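We just call them A, B, C, D, E, F, G, H, I, J, K and L in the order they show up, numbering each chain from 1.
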Amino acid sequence: MTISDLSVGVLNGPNLDLLGTREPEFYGEAGLNGILSALDELGTALGARVTSVQSNHEGELADWIRDVGSRQDGLLVNAAGYTHTSVVLRDALLAAEVPFVEVHLTNIWAREPFRHHSLLSDIAVGVVSGFGQDSYLLGMRALATHLRSGK
Amino acid sequence: MTISDLSVGVLNGPNLDLLGTREPEFYGEAGLNGILSALDELGTALGARVTSVQSNHEGELADWIRDVGSRQDGLLVNAAGYTHTSVVLRDALLAAEVPFVEVHLTNIWAREPFRHHSLLSDIAVGVVSGFGQDSYLLGMRALATHLRSGK
Amino acid sequence: MTISDLSVGVLNGPNLDLLGTREPEFYGEAGLNGILSALDELGTALGARVTSVQSNHEGELADWIRDVGSRQDGLLVNAAGYTHTSVVLRDALLAAEVPFVEVHLTNIWAREPFRHHSLLSDIAVGVVSGFGQDSYLLGMRALATHLRSGK
Amino acid sequence: MTISDLSVGVLNGPNLDLLGTREPEFYGEAGLNGILSALDELGTALGARVTSVQSNHEGELADWIRDVGSRQDGLLVNAAGYTHTSVVLRDALLAAEVPFVEVHLTNIWAREPFRHHSLLSDIAVGVVSGFGQDSYLLGMRALATHLRSGK
Amino acid sequence: MTISDLSVGVLNGPNLDLLGTREPEFYGEAGLNGILSALDELGTALGARVTSVQSNHEGELADWIRDVGSRQDGLLVNAAGYTHTSVVLRDALLAAEVPFVEVHLTNIWAREPFRHHSLLSDIAVGVVSGFGQDSYLLGMRALATHLRSGK
Amino acid sequence: MTISDLSVGVLNGPNLDLLGTREPEFYGEAGLNGILSALDELGTALGARVTSVQSNHEGELADWIRDVGSRQDGLLVNAAGYTHTSVVLRDALLAAEVPFVEVHLTNIWAREPFRHHSLLSDIAVGVVSGFGQDSYLLGMRALATHLRSGK
Amino acid sequence: MTISDLSVGVLNGPNLDLLGTREPEFYGEAGLNGILSALDELGTALGARVTSVQSNHEGELADWIRDVGSRQDGLLVNAAGYTHTSVVLRDALLAAEVPFVEVHLTNIWAREPFRHHSLLSDIAVGVVSGFGQDSYLLGMRALATHLRSGK
Amino acid sequence: MTISDLSVGVLNGPNLDLLGTREPEFYGEAGLNGILSALDELGTALGARVTSVQSNHEGELADWIRDVGSRQDGLLVNAAGYTHTSVVLRDALLAAEVPFVEVHLTNIWAREPFRHHSLLSDIAVGVVSGFGQDSYLLGMRALATHLRSGK
Amino acid sequence: MTISDLSVGVLNGPNLDLLGTREPEFYGEAGLNGILSALDELGTALGARVTSVQSNHEGELADWIRDVGSRQDGLLVNAAGYTHTSVVLRDALLAAEVPFVEVHLTNIWAREPFRHHSLLSDIAVGVVSGFGQDSYLLGMRALATHLRSGK
Amino acid sequence: MTISDLSVGVLNGPNLDLLGTREPEFYGEAGLNGILSALDELGTALGARVTSVQSNHEGELADWIRDVGSRQDGLLVNAAGYTHTSVVLRDALLAAEVPFVEVHLTNIWAREPFRHHSLLSDIAVGVVSGFGQDSYLLGMRALATHLRSGK
Amino acid sequence: MTISDLSVGVLNGPNLDLLGTREPEFYGEAGLNGILSALDELGTALGARVTSVQSNHEGELADWIRDVGSRQDGLLVNAAGYTHTSVVLRDALLAAEVPFVEVHLTNIWAREPFRHHSLLSDIAVGVVSGFGQDSYLLGMRALATHLRSGK
Amino acid sequence: MTISDLSVGVLNGPNLDLLGTREPEFYGEAGLNGILSALDELGTALGARVTSVQSNHEGELADWIRDVGSRQDGLLVNAAGYTHTSVVLRDALLAAEVPFVEVHLTNIWAREPFRHHSLLSDIAVGVVSGFGQDSYLLGMRALATHLRSGK
């Protein structure tokens, strides 16, 4: 496990660059950079190199899935607002044919009804939702285990 | 009131640059520039400096809300087609924590059913819909009054 | 504009006589008389004579539309609770064949779901909702502009 | 049949006093008085005395059903806008225990969806809809035949 | 009116040949022949020649509308069970471009929910429902008046 | 408790004046006067003065809530047919800011589906439904206990 | 039981003549003739004469119910595709006033959602679904028992 | 009334043993034992012996209805969470053929939407909801009156 | 067939022990023991040993499926009220991986709407509903034929 | 390609024989014979022999699919009004096991809502809708290409 | 037809650049370039110059419709994932006032339910869906015929 | 962290004792004991003592929450089939006032629609779904972090 033999891409959807400044009662005080640093650290421990993107643009995220994401062993996907509306990202993920774990900082079932339905969940390996920054770290663990299980 | 002590941002969503050329039975003959000039003039009278954006790109509009909109005292938001589909702009406006007035050139309840629901209305101060260019001017007045009321 | 050449009727639906006493977190502290005085003043400035009615009785409001409202150049309509349930007022307004602006003190989309649907909106010129007393004043401006535009 | 041994009450709901002036493309040019005269004449021919009411007030219509309608042999009911919303008139008609025929000037299924459902139809003898003034005359014939059939 | 200058077709849908034998609590004791005789007699009085069809076959009814119905001045249509399910008969009636009155022996709104919706009502002149044999006679009167009104 | 220190208003909605004559299988044989006498008697025992209204008019009921009801310590509300349709009475009760108990003579969940939903229940202290005249008496007890509990 | 004193009609709806050739994973390899032979044999054992029809034509099936089916002691009905769409066959069966058992070769609840609802079930004695040819045989047994029970 | 000639069973559904400790803002501070004591006392006054059960097990409650409840003159039923989901308890109560009153400590229409529908209400004598411990006492009075009315 | 080489388990859901005493218009007069005796007899004829359970407890039924049912060749399942609500029994049956036939004494489509949907049907071999005790016997025949067909 | 080695059947549903006379704003002026001639000509060019049927009878169309359609290499299917209601034709096409292309003269999504759903689309190779006569010609090309692709 | 006098724009939505690599069971093995070459060739034969765009960005596609698409004689539109979610592209196409044909590689009605509804179909000339690359070629033919028909 | 200062309860719902034997394509090959051992081990590492229950009985699970679960610092809850139907467990968890993490072995959004809705999610800290045994381990980590964060 000293060699990072897994590659993991992390997709951060719209407005996630605001983490740490925005609605702290929902999203906590950790900024996105803090989360990515923690992911890097955990990735190293788990033997995974981490590549990430953040964008407010649905098209840029789809481009990234095509150009970068599809070349990783697995993905962590927090599509934020696009989770509930984007057939495009669903299609991009289907085309990439890379296993991914869906993560959410907040518990999406404790919020507005339009956040209760995800266009991504049924094609994900699994979902982790509601644990703030920890959702990412747990998702990374879940993904690494899944990828190493050869399943 | 001689000093413009209020700052107001105006978000113009997709296809609004076509105003004056497009479907005049719905949108009237005033172009977007004409509307913005009238807003500037009214803004001056009300003591408000006006900053605006128009884009067809959901991501650019979200970026603008983050970078520019969040630094204004208030916003006029005509998200056009994104009104009915964009969780992303809703989230960006929630994160900006700036009061905004939702405006529509047309009476959205007299059009197709999918235009009857807005993802923005319940988090807006209020809504002005159906008065063509005047919707913007009334929205500006509503916003200025709201901001000055200290409420 | 020194001559009041426009006539504007103002329909105030049920319970609006309680304004200033009732649920101030929703409706503000301005009483109905205060609103009507402000409307008179603005009407004078815009060249419009203002006639108004308030009633808790659906039938009285329909009678007023038939007897008084139908003889005005335009109407401001705040049907309050009848907004969501009265086919009768809709029919009376259709029969009157007078353009009207729908106004609401509160933002009806930020309240109970049954307040999100109006039986009047699709036949109104437009809607102003959420600005307290200012909704009436903005509605008056919208109506005057609409009527003078000869549209 | 020379003796008018049947008594028939005619309930005319809100805005029907406007017949002849209102939306002629829907309701034709016959005024309510013209319809009632024709009903009187037909009533005489069929041996029926006709009593009628018109009101915009749901409560007055319910009062009339209690005080007058319940003492007739049968009723013609055109509840207009209350057709679709009034549990009160339904309850009043149930309490009156008098057979009634539901009539509509217009074809309610060719209009807005909210007019497609009636709260009265399932407790009526039958329904006549769409023939303008003739709906009343046909309804009178239907009622007379029904009452004389002893059924 | 001594000359029968109007032609009226009468479409009787499936199972109506059973009238007089079937479920008398719903359909009364008059057989279809009795109804057609009464219609002939009334037709003569109103100056209308009557042609009729009864079939259990959707296709035969559509053929008849094409071959016979479309050559009449107007139609009485009791499509019985096909009322609620046949886009084909709707299309045939639209293609025939002949005004028609929809009639039902029973009050369809007092029966099972699937009988509350008709695929024909919105393109009919009007509807008469619930008066047994009298529905046909009233429908004939309505149709004759409609056709003679030149409307 | 010898002094009647509580004031209780009783709102009786449309058609309730017909009690004792109407649909006895639903409403029993007790007339409204009988119920009110029994309420007076129980009120005296519980230390409550009883004031009541009955009207078929939605507006009169709303007026009464404003003028009389809002000055009582608590209300018993049987809005009858308006229970299911009146946003106006809901708004009037909200504005009155007086605790009320909703009562129904019949078990509304054992009747037509449109009677299963009440616009008043969620803002009531509680609901008593289905016990005939006894619903009022139990509602009076519930209200008195609630008011005296200082809750 | 040596005398066949029961008469049983078997209605086979559209496409059932294809049994044995069509979609064997759903319908098995037994042809319709094989099923009818087995039914005859079982009928003889149970004292029942069997008469059957197969047609793709809704009208022919309705005619058969009227002309033949209504004269039997009971019916086995496999209306196939018409099960889910035919008010006409429902009406014909109601008019025939003969008890019937609904049978399906396949388990209709394990197939497309539009096959989950039958227009016939609530007026049948009972339903047997999912056992291939055996559904008919079980239905015959159920029908014979039902008829002999005098219930 | 000195002899307790009525027998009343009280069914307390899941989690009601927690009363007095759990969510006091909803359920008040009275424990279940306190409620049962008060019921005993009131029962004595009304001439009724009280038997009760509390269980978190749907099956135990159904067993009790079969074994004990069915032998009482009447029941008070607070099925708590099973109110909204248990066809089994509905069937058990139907089978017991004993009149029952449905009671709820809280106003179920002021809580989550899934609590607004009860599988028991339409087969109950009536419902009392929202008065805390008093709901039980009022329900006991309602039941006693109902049972003594011989209705 | 002289040797009973098939094992069949019979699951009887809640309240079925009341058969013969309960709602005879729905369930007939045969008690559960009578049904089980008849099943034993038929089982012997068909070469099947019959094991059965009856419980009001969802958990006990699930335990039985795990401990006993899963060791049978096939099951007859009458889950009664749990048919419509129990994901648990569905999961238990899925886990048991034993073919089962769903049976109902009554015709569930002729009863309340909430009984029209079963959580078990789509994973059953087939369904027999509406024939009283005979549903069990027919289900046993269907199951034996299914098991012996090796399919 | 000089030899017509493909056989193509063309199913024309109800009322299509009226083409050229009926509702020209929807269906154009080309008659069905004109369309079939053009299809023959195109078929020759593409190496396909064309066989066709037109009927208003659902059963005849199902018979044709069984007897003729199932022997073709592929089908063009314009089921007209039956598109939206016929499970029977869906079943017939499934049984025929012949690839088919669904065609519509009009754009069915620009018409009444009940035309937006087809019972055939999900089992078709594909759909061509909205191009008048050209829909058939394009469908023929699509079918020929599909059949020759060996797919 | 030797001169290319028609201009046709081709809009390719998100992920279509992946054609040939992605989910071949759905989209075939032809890459987007292959499709565009075939379109060029067919365009030349039909006298049409072809201009195209592919983007994953909703905004870029809307920009292209405004800047390029609106200047063509007609458009082929495969909006891919945006078909089902983009009011913005609908609005852009409405504003462009250029006739367009909607094409899909796959049969969208044979896939997930959220792909069954298009926000574009009702404003398109027509739709071609399900024929892989051939959908584009057929769409081009349909568009050319439509444009040349002067309709 | 050498001292286990946290107590964690693990609720395992119905059929989970079958893990390792049942539907391995869904649930993997790890038995429940294996999962609990792994949890114990992880718990020790995280300073948490683990207590667990498994039952098929809704009531036993509710009892355990009351008696054992409510005394833990936090809970892991896999309610299996009760997740989607049990208001009782929701109420028990609310009453326990202990934070809990909802876990599922499978990805519930990739299964039948009735598994997409949980009655527990909105009151959980968060949800982990889809990772087999790893869902429990990740849930334990999430819970421990949550509890230690003092939030």
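Everything that follows uses one rule, which is that contacts are C-beta pairs under 8 Å (C-beta built on N, C-alpha and C of every residue); 3 or more make two chains touch, one makes a residue touch a chain.
Quick caveat, the model's predicted, so the values are computed rather than measured.
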item: Joint neighbours of chain J and chain E, given as chain labels; value: G
item: Between chain G and chain E, distance of the C-alpha-averaged centres to the nearest whole Å; value: 32
item: Rounded Å distance, chain A centre to chain I centre (Cα mean); value: 47
item: Where chain G and chain I are represented by their mean Cα positions, the distance between them in whole Å; value: 24
item: Contacts with two or more other chains, residues of chain C listed in rising order; value: 57-60, 85
item: Interchain contacts, given as pairs of chains that touch; value: A-B, A-K, A-L, B-C, B-K, C-D, C-F, D-E, D-F, E-G, E-J, F-H, G-I, G-J, H-I, H-L, I-L, J-K
item: Complex interface listing, chain K residues touching chain J; value: 107, 109-110, 118, 121-131, 134-135, 138, 141-142, 145-146
item: Complex contacts: residues of chain K adjacent to chain A; value: 13-15, 17-18, 21-23, 55-60, 80-85, 114-115
item: Chain H-facing residues of chain L, complex; value: 57-60, 62-63, 66, 85-88, 90-92, 94-95, 119
